[in-house]
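Paired with chain B in one complex and with chain C in the other, chain A is shared by the two complexes that follow.
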Partner chain A sequence: MVDFARVQKELQECNRDFEVSGIRVVPKSEANLAHLLGTIPGPLGTPYEGGTFKIDINLTDGYPFEPPKMKFVTKVWHPNISSQSGAICLDILKDQWSPALTLKTALLSIQALLSAPEPDDPQDAVVAQQYLREHHTFLGTARYWTEAFAMTSSLDVEEKVKKLVEMGFPETLVRSALDSVGGDENLALEKLCSG
Partner chain B sequence: MPIPEINNWEHFRDDDIMLRHSAIQAEEAMKVPFIGDKARKPLILIVLEPISSLAVEYQLGSPILLEKIKVLAAQFTAIRRTRGDGNCFFRSFMFAYLDHILESQDRPEVDRITVNVEQCRKTLLSLGHAEFTFEDCFALFLEQLESVVPRCEIPISHDELVERSRDQSTSDYVVMFFRFITSGEIRKRSEFYEPFIHGLTNMSVEQFCKSSVEPMGEESDHVHITALSDALGIPIRIVYLDRSCDDKGHVSVNHHDFSPLATDSTKANACCSEAHKPFITLLYRPGHYDILYPK
Partner chain C sequence: MEEDYYMSGDSEEEEDYYSPDRDEESLDGLENDDTGAQWNPSKAFSSKVITKESLLAAQREDLRRVMDLLSVREHHARTLLIHYRWDVEKLIAVYVEKGKPCLFAAAGVTVVERLDPESSSTLMCIICMDDIPAEDVTKMDCGHSFCNHCWTEHFVIKIKEGQSKRIRCMAHKCNAICDEAIIRKLVSLRHPDLAEKFDRFLLESYIEDNKMVKWCPSVPHCGNAIRVENDEYCEVECSCGLQFCFSCLSETHSPCSCLMWELWTKKCRDESETVNWMTVHTKPCPKCHKPVEKNGGCNLVSCICGQPFCWLCGGATGRDHTWSHIANHSCGRYKEDTEKNAERAKRDLYRYMHYHNRYKAHTDSFKQESRLKETIKEKVSSLEARDSNLRDFSWVMNGLYRLFRSRRALSYSYPFAFYMFGDELFKDEMTNCKREIKQHLFEDQQQQLESNVEKLSKFLEEPFDEYTEEQVMQIRMQVLNLSVITDNLCKKMYECIENDLLGSLQFTIHPIAPYQSKGIEKAEELSVGWTQAPYNEKCQKAADQFKGRVI
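== the complex of A and B ==
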């Protein structure tokens, strides 16, 4: 059995200082605290800056004596993260895990890994090769992936605008309607129809 | 859990390797339950019995070991084996301590250690540990302690203690309790421990605690034992079974007593050796600890 009482406390503790850390953990559904979604902001001064990275978290029955299973949902270009599967190569998610650690400290460690790649102990050999041999290209690719996959909120908005414009509403009205309802497509549609 | 045969290495990924690795570890570890049965047989057989399996292990190596086993037989009545899963020191310590309290019904000792445990709780909080990470471990240890010397009910039986100590979950929580205590003590007195740790590993005190104390399954060394003994104020004797002998080939079994620092409560009679006489004796063979029962 996962220690759900502890998981509850972890969620409270983590989300309490979201303003400071920028790190959040939420259950994927209220019914099951064993499946969680974490988000970490890309560290400043790295190609990941400005991105928001989603991490899939699965807790096994042995938690907190066994490490949480974590992998990137957001595609990321990094030597220690699989560009295909999002698998993370990090010691504390394997044999260096301890019940003294928490979901938040694990996510902080992942954030630190984004700042300080370890290409000598790679998860993704292709990325690691590029990191070591064509560092400039690596930085460009990592930045491009961040913009393409980790900054989806702005892309989302464009998609919604496009959809609503295709329904026949003028773009300026669509944009102001989306703005006024905080980006919710359905509410914006209602507003446009009633207006 | 049986370990599946691998036919296709091409699609073998990190996760699979981890799974397979832990399956092999689990299979090895299952060969000895957490805390073995104390052999209740005539003396010479008792000590020789567990060592006989060892003797097979060292058969081609060293007659010194066999000599030393004879010496041990003169001093101890029994050995209780613990599982070799990297937690053997803490598990041996847990059982030896609770067993001693159950036998002695030493309420003052329980009151004394409870004060130290509360002190450790404060240490962990001041070091920035989130309380929810350690509170369950603390509660479970105190619960075990209470069950062997209850204030108003009858104590649990010896068999019940063995049963509980064999329960994976209970046992792991208590092991983790000791890991928390050890880590907190080392970090609290990091100036004292730094040179030892540096000599051992090249790590900082912080790194050492994170990588060699707090994770389950990390083996214990002098540093761990010293810290645990100091933090809880419990003297520990370690008897060494290794291949050392003097120039003339004479063998003697060495031991080392870990004597806790005098705390305020014990300072008054620090000269009194009774307070520092170890009631926990563990047998150390390179890489492993078991419990010894003195005559």
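== the complex of A and C ==
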């Protein structure tokens, strides 16, 4: 079984210093602490700056003695992250995981990975090639993807609210659902449907 | 009359007659001291049988060496040895070259000064994020402390993942390998079955991570492993009686290399499905065409109609044939089909059939000769029962074992030749011209060996127990002489293979097990001496279980 007592403590601690880190972890539903959603701000001075990146987190029964499974929900252009599936190539999520690490430290490591790609150990070969050979193009694409997928303007949010309300859900519930999943329309819908 | 036969005047005569140029050799083809009726394969000092009882002792030797050398505790020694795959010499070399800190760091051994015990009564475990009473917290050698509950969870997951041999500390980026005693203690409190599994993994690491130790491939498994000392390319006999190639664990196959043998067995499997000649165990008589089954070790068979013929080629050898006809009979030399229009596939198949037929003929022979042993023993006992001057009949059994030995070498020399002179492995290694020269050289030797082996076989099959004393003496001389000759020819063939053929290859290395004149070495049981320290019961239990493993 997942050590839920520890997960609870982790969530409290993580969200306590949200103001400083900008990192947030919330359960997808209150009923199940094994499925979580993390958000990290794009690091300053990178093409990801200004974006908010959502990360899907799944905890196996062995957590924290086994690593959490994490992947990007937000599309991102980065050599170590699959542009297709959002899979992340990071050692601490595999054999270098230690039970002494937490969801927050893992997300911080992912944020650090956004700042410092490792093109020699690529997850996405196409992106890695571009990163090495046409760095300028790479920066442009990464920036474009950030603007297109990781920046939800307030207008976008209003549009999503409107859409979900039109489907028959009460506005207050829609807003809190959207908030809890970091603005993802599909996840919010899932949440609303599951009650 | 009580004089040993060898001591009588005849011995000098024999020496002159049989070994004019081999005075340093003994007459029976064995060492001079070998006078017993038993063929004594050399006691192997270069290989040992490790049984479930001696597995602990076998490791202990290596562990103790490392513990003494580096003044470390047992679990550190084991961690180092597992890292260096139980190669003590390599470990020592790294120690001498790079020093202790480097050696330790690479293997994940951390030794810190013992710190004073924590003074506070509770400690915060950063894994479960709880305050834990100090007595429920364990500190590893690297200095990292976590609560016993968390340690146990960690160990359980790692053991289940099959990582027992290298369970690292839980702290991030700490490379230290955990103390096996702590693991054993904590895990057995909650999961005794897993603790046993853990011990078994540690014990078996000595075999599984060690390139000089391998499980005996017997089925069902005899429970033993074999350790060789110097060369992993050798052939050994386990105490369960199984003989095998230590390098590839299949049947002994020298002078074939392991790769050749693997290709050959695969080829035989594949071809046997399509080519029915493989399944033919009889050959038609060249005269009456009745199928004739081979019933002795000799390759000269006789049909009930009285027609003798050569089992290898099926050709009639003449009514009045003797062994000397076989000597001149040269069907063992295969002539390449030079006809321009011969299809390549057909040629390849014929080429394979040529080698396979000879390989099979000799393999079948030595299988039947094993049965011959019993008949020959009977002949010997009836000779011994006779009131005669002849006392020593060790030459009979020795001759028989020499025959087995040589026939084995001969049999495996055919798949060897198939690959050595074929295109599959060494096409780019030599020019056609050079290959042809080498092939002739080799086939000459092979043929000499073959004809002498057949002669030896023929003599041993004779009903010498019905012969007069004088006739028996004649047979004895022939058998002694032929034993020396075949042994020498085998030696020469191996030398030729090692030096002129495989040794001259440029691009590939094909090591073969050396020729063992006295037969496959019997590995010696590793002695469990008084040095065996009292070990913990759990280890013994795990060792007991390992007896039951099936490969």
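One rule holds for everything that comes next: the second predicted complex is superposed on the first by the 153 of 195 C-alpha atoms of A that agree within 3 Å, B and C clash if a C-alpha of one lies under 4 Å from a C-alpha of the other, contacts with A are read in each partner's own complex, and residues count from 1 in each chain.
Here, a residue touches a chain if its C-beta (ideal position, glycine included) is under 8 Å from a C-beta of that chain, and two chains touch if they have at least 3 such contacts.
Fair warning: this is a prediction, and the values are worked out from it, not measured in the lab.
K.L.:
Is this a clash or a fit when chain B and chain C both end up on chain A?
P.N.:
After superposition on chain A, chain B vs chain C: clash.
K.L.:
Could you tell me if A:80 is touching chain B, chain C, both of them or neither one (first, second, both, neither)?
P.N.:
A:80 contacts neither chain B nor chain C.
K.L.:
Once chain A of both complexes is superposed, is A:46 in touch with chain B (first), chain C (second), both, or neither?
P.N.:
In the superposition, A:46 contacts neither chain B nor chain C.
K.L.:
Taking the superposition as given, does A:89 touch the first partner, chain B, the second, chain C, both, or neither?
P.N.:
In the superposition, A:89 contacts chain B only.
K.L.:
Figure out whether A:130 sits in contact with chain B (first) or chain C (second), or with both, or with neither.
P.N.:
Touch status of A:130: no partner.
K.L.:
Touching A:100, do we find chain B (first), chain C (second), both, or neither?
P.N.:
Touch status of A:100: both partners.
K.L.:
State whether chain B or chain C is in contact with more residues of chain A in the superposed arrangement.
P.N.:
B
K.L.:
Given 19-27, 37-45 or 145-153, which one is the stretch of chain C whose C-alpha atoms run into chain B?
P.N.:
After superposing on chain A, the clashing stretch of chain C is 145-153.
K.L.:
What part of chain A is shared between its chain B contacts and its chain C contacts?
P.N.:
Comparing the two interfaces on chain A, one with chain B and one with chain C, the shared residues are 3, 6, 9-10, 64-65, 96, 98-101.
K.L.:
Going by the contact rule set out above, which residues of chain C touch chain A in the complex?
P.N.:
By the definition above, chain C touches chain A via 126-130, 150, 153-154, 157, 170-174.
K.L.:
Spell out the residues on chain A that touch chain B in their complex, using ranges where they run on.
P.N.:
Contact set of chain A toward chain B: 3, 6, 9-10, 13, 64-65, 85, 87, 89, 91, 94-102, 123.
K.L.:
In the complex formed with chain A, which residues of chain B make contact?
P.N.:
13-15, 18, 129-130, 132-134, 136-137, 172, 176, 179-180, 183, 210-211, 214-217
K.L.:
Note which residues of chain A are touching chain C in the complex, please.
P.N.:
Answer in residue numbers: 3, 5-6, 9-10, 62, 64-66, 92, 96, 98-101.
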